[in-house]
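Take a look at the structures below.
Consider the two complexes below, in which chain A is the common component and chain B and chain C are the respective partners.
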Partner chain A sequence: MSTETSTQHYRVDPHARFRVMDDEGIFVLQDAGEVLVVNEVGAFIVEQLKAEHSLDEVITSITERYAVDAERARLDASSLVAELLRAGAITRS
Partner chain B sequence: MSALTIAFAGSRYRFAGLNPEQLDLVRSRFDALLCADDTQPDVEVDVHYAPNPEGFMRRPVGPVEYRIAVVHGEDSVAVAGIGFTANIDRTPLRAQMQTCLADEWFLGAFENLFRVIACYRLFSEGALVMHSAAFTDGARGFLFCGRSGAGKTTLCRLAEELELGILSDELNAVTTSGGTFELQAMPFAGDFGGVPTPHPPYPLTGLLGLAHGAAPSVHRCSKAEAVSRIVASCPYINADSLLVEELTSRAAMLIERVPLRILSFAKDTRFWSVLDHEYRNQHAALSR
Partner chain C sequence: MSYSDTVKRTWNDNRLMSVLLELTYACNLDCTFCYNDLSLGGKRLSLAQYRELLHDLASLGVLNLSLTGGEPLAHPHFFEIAGHARDLGFVIRLKTNGHAIKEAVARRIRDEVDPFLVEVSIHGATADTHDRQTRVPGSFTRLLANIRTMNSIGLRVKANSVLTRWNEHEVEELLAVCDDLDVALQIDPEVKPRDNGDRSTLAVEASLEGQARYRRALEAHSKRDVGVTKDPSPAAARRTNMAGTDKHCGAGSNNIAIDPYGSVLPCVQWRVSIGNLHERRVTEIWAGSGMLREVRETTKAARRKLEGLGDAGLLSNFCPGAAHTYSGDPLAIYPPAAQRMAASGRTRVRLTVV
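Now for the complex of A and B:
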């Protein structure tokens, strides 16, 4: 179960590298030598987090950019954030 | 104590300080790649034999597969495995190995360290060394990147049935030459085995990832997936914070010139007719 708060900020983990490529995003997780790919929406969310926007602000940006309602945006963003935290790709700041 | 030099993929590696038992073991494995001349090596490795096993990772009772420990520092890379420790200086690239081994276990330690050194050497020369299977039909080179379980050894066994030339089912290098990409064999084999033999470079015709499927097919993937598959396949370098940005950039450059595709295959030789057809015009283009 996610324990993330809507005002929480995140950053790319110091042991990870993130790059956008043709709208999709790539995380290289150095400690594990693993690579994660996120889709266009995922890459947008990560870019927003990197720009020091809170989860709430990211959700607002998603609804403005993509034709989705706030509830769907919250579910998608929270799910992605939880997955990236588990993988060690991002960390709370 | 004696020394020998091993050459492949355009680089020479000189190992000094080997005792007679260690020398024989290395010769028995790398005989075909030994250099007889005195040309200056590109990488020098000093081996120090310390027979007391205290302080080294202990041997297991039975056969075991394990991952060596690699720690990336600012100026050097530390490596440790069963019966050995080593330090690889980044600039100039050279290494020191301490080992308590002089029997068949030494060869395993030697190869484990040699893999890491070769990855760093070739990366410094602009190459990408990938966990991969590779084979050639004599004119075209095909590389299939993927980690353990992806099907690399299976594919090599099938390619051997088709009398294609196997480079390695474990590590292969992609180098650049005159603006084109070449496939170079590395003298390390996985489960497929085989004694290292010299290979000329082959034009990199097919760059593929592997997937299992009922019927053979080749399909495209996104740039992000292609880059991620390549980066994930580059051992040691992809875990090195000082090199991972450069690695990702090189992978992106590579797929601009040689797009990565995904080969789905079953455990039979039908994949070759699909590949041969998919890349048939590449032969003509490369030959011009």
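Now for the complex of A and C:
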């Protein structure tokens, strides 16, 4: 379970690069020399985080856009955020 | 979906992913074999035009941006352009001769550009060989010192070299020099004609023995690193890479190049203009160039042609851009591709070589 708080904001790590390509998102982790591909929902979440929305706001947007319940959206968003933090793709801001 | 699937999709869907900018043809070295066409003229793109271009490329979702030349650092606004590219979130590769990158410049590159990779060119394992190519005495010693500096401040450096008649006798030492510097080395075995078709650069092409020596040296070097893994045959590997697309390459489909005078090209090697930034923005060119459509069809035709030649075609390392530079015909087999086909030992097709 993630320890991220719902009011937390995130940004793309200064050494990572992110682009949305149609229905997926690509992170280039420059320091590790690795690429990380996220699916459409993942790309949407990252775009929302980049637009300075908090985790809570992102979760609300997911429920509206993808017609899923809040619990499901919270689980998905939190686990993606935790994974991206671990990979060094995003940082807390 | 894996990254390679994503890249293939960009080929199929004509999704622009990588752009190479030749910022200037000015250079602080003077390599004998340099493919740049120094007779080319025109109105250079202004800093304002570069800013607009970078914004347009970011809006198209472009991920990779290579800055080259000539010597990119010789552009008077290099740091403004590269810094702006960094701010727009591109993955930047800097292709440079490394000559100007002493410590202060290296630090500016790291802090203001934050490139994914700095690719430097090395032309031999010794000062005699390298400086003979660059025609600037001391350039080898300076390059090695600058690579060490870049490494020490945390820039990621890779070395590129072109196999020539002048360095083919020391290819093993070249690999050792780069190992010693702790930088990966990529060797291009093919000297290209100049961009205007002038073949005088080919005077330094590696000999057949030199090519064979290079292949042996690479094999010995990779065995040392890899150990026990058994690679598929090169043709099988190429087939795997080509699965899922009907194009030979991504020229004009997921990548373009732009010269200092605003000409947009399908790829750095394919010197045919698909539009000019002094007349139209890159977004318009990308959306509606007739020449671009023709280029994309040509990459499909190249694929069909090479597949028709079997393994030999797959192993020819054919490049429609190089073919175009040799003869004006992007589908004509040109001498180095023919040589590789012959070396693969499987061609029974009679070829007309330009």
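Keep this in mind: the second predicted complex is superposed on the first by the 92 of 93 C-alpha atoms of A that agree within 3 Å, B and C clash if a C-alpha of one lies under 4 Å from a C-alpha of the other, contacts with A are read in each partner's own complex, and residues count from 1 in each chain.
Following the convention adopted for this analysis, a contact is a pair of C-beta atoms (placed from the backbone, for glycine too) under 8 Å apart; a residue touches a chain by one contact, two chains touch by 3 or more.
This is a predicted model, so every value here is computed, not measured.
*Asks:* Overlaying the two complexes on chain A, which is it for chain B and chain C: clash or fit?
*Replies:* By the criteria stated at the top, chain C and chain B clash after superposition.
*Asks:* Just checking: does A:18 make contact with chain B only, chain C only, both, or neither of them? Give me first, second, both or neither.
*Replies:* It touches chain C, and chain B stays clear.
*Asks:* Quick check for you: in the superposed arrangement, does A:32 touch first (chain B), second (chain C), both or neither?
*Replies:* The answer is first: A:32 touches chain B but not chain C.
*Asks:* Considering only the touch criterion stated at the top, classify A:42 as touching first (chain B), second (chain C), both, or neither.
*Replies:* neither
*Asks:* Return the residues of chain A at which the contacts from chain B and from chain C coincide.
*Replies:* 15, 17, 19, 21-22, 24, 26, 28, 30, 33, 35, 37
*Asks:* With touch defined as at the start, can you tell me which chain A residues reach chain C in the complex?
*Replies:* Interface residues on the chain A side: 12, 14-15, 17-22, 24, 26, 28, 30, 33, 35, 37, 39.
*Asks:* Which bits of chain A are touching chain B when the two form their complex?
*Replies:* The contact residues of chain A facing chain B are 15, 17, 19, 21-22, 24-26, 28, 30-37.
*Asks:* Enumerate the contact residues on chain C facing chain A in the complex.
*Replies:* So the residues of chain C touching chain A come out as 1-3, 6, 9-10, 13, 15, 17, 61-63, 89-91, 114, 116, 156.
*Asks:* Which residues of chain B touch chain A in their complex?
*Replies:* Spelled out, the residues of chain B in touch with chain A are 222-225, 227-229, 231-232, 235-236, 238-241, 244-245, 247-248, 252.
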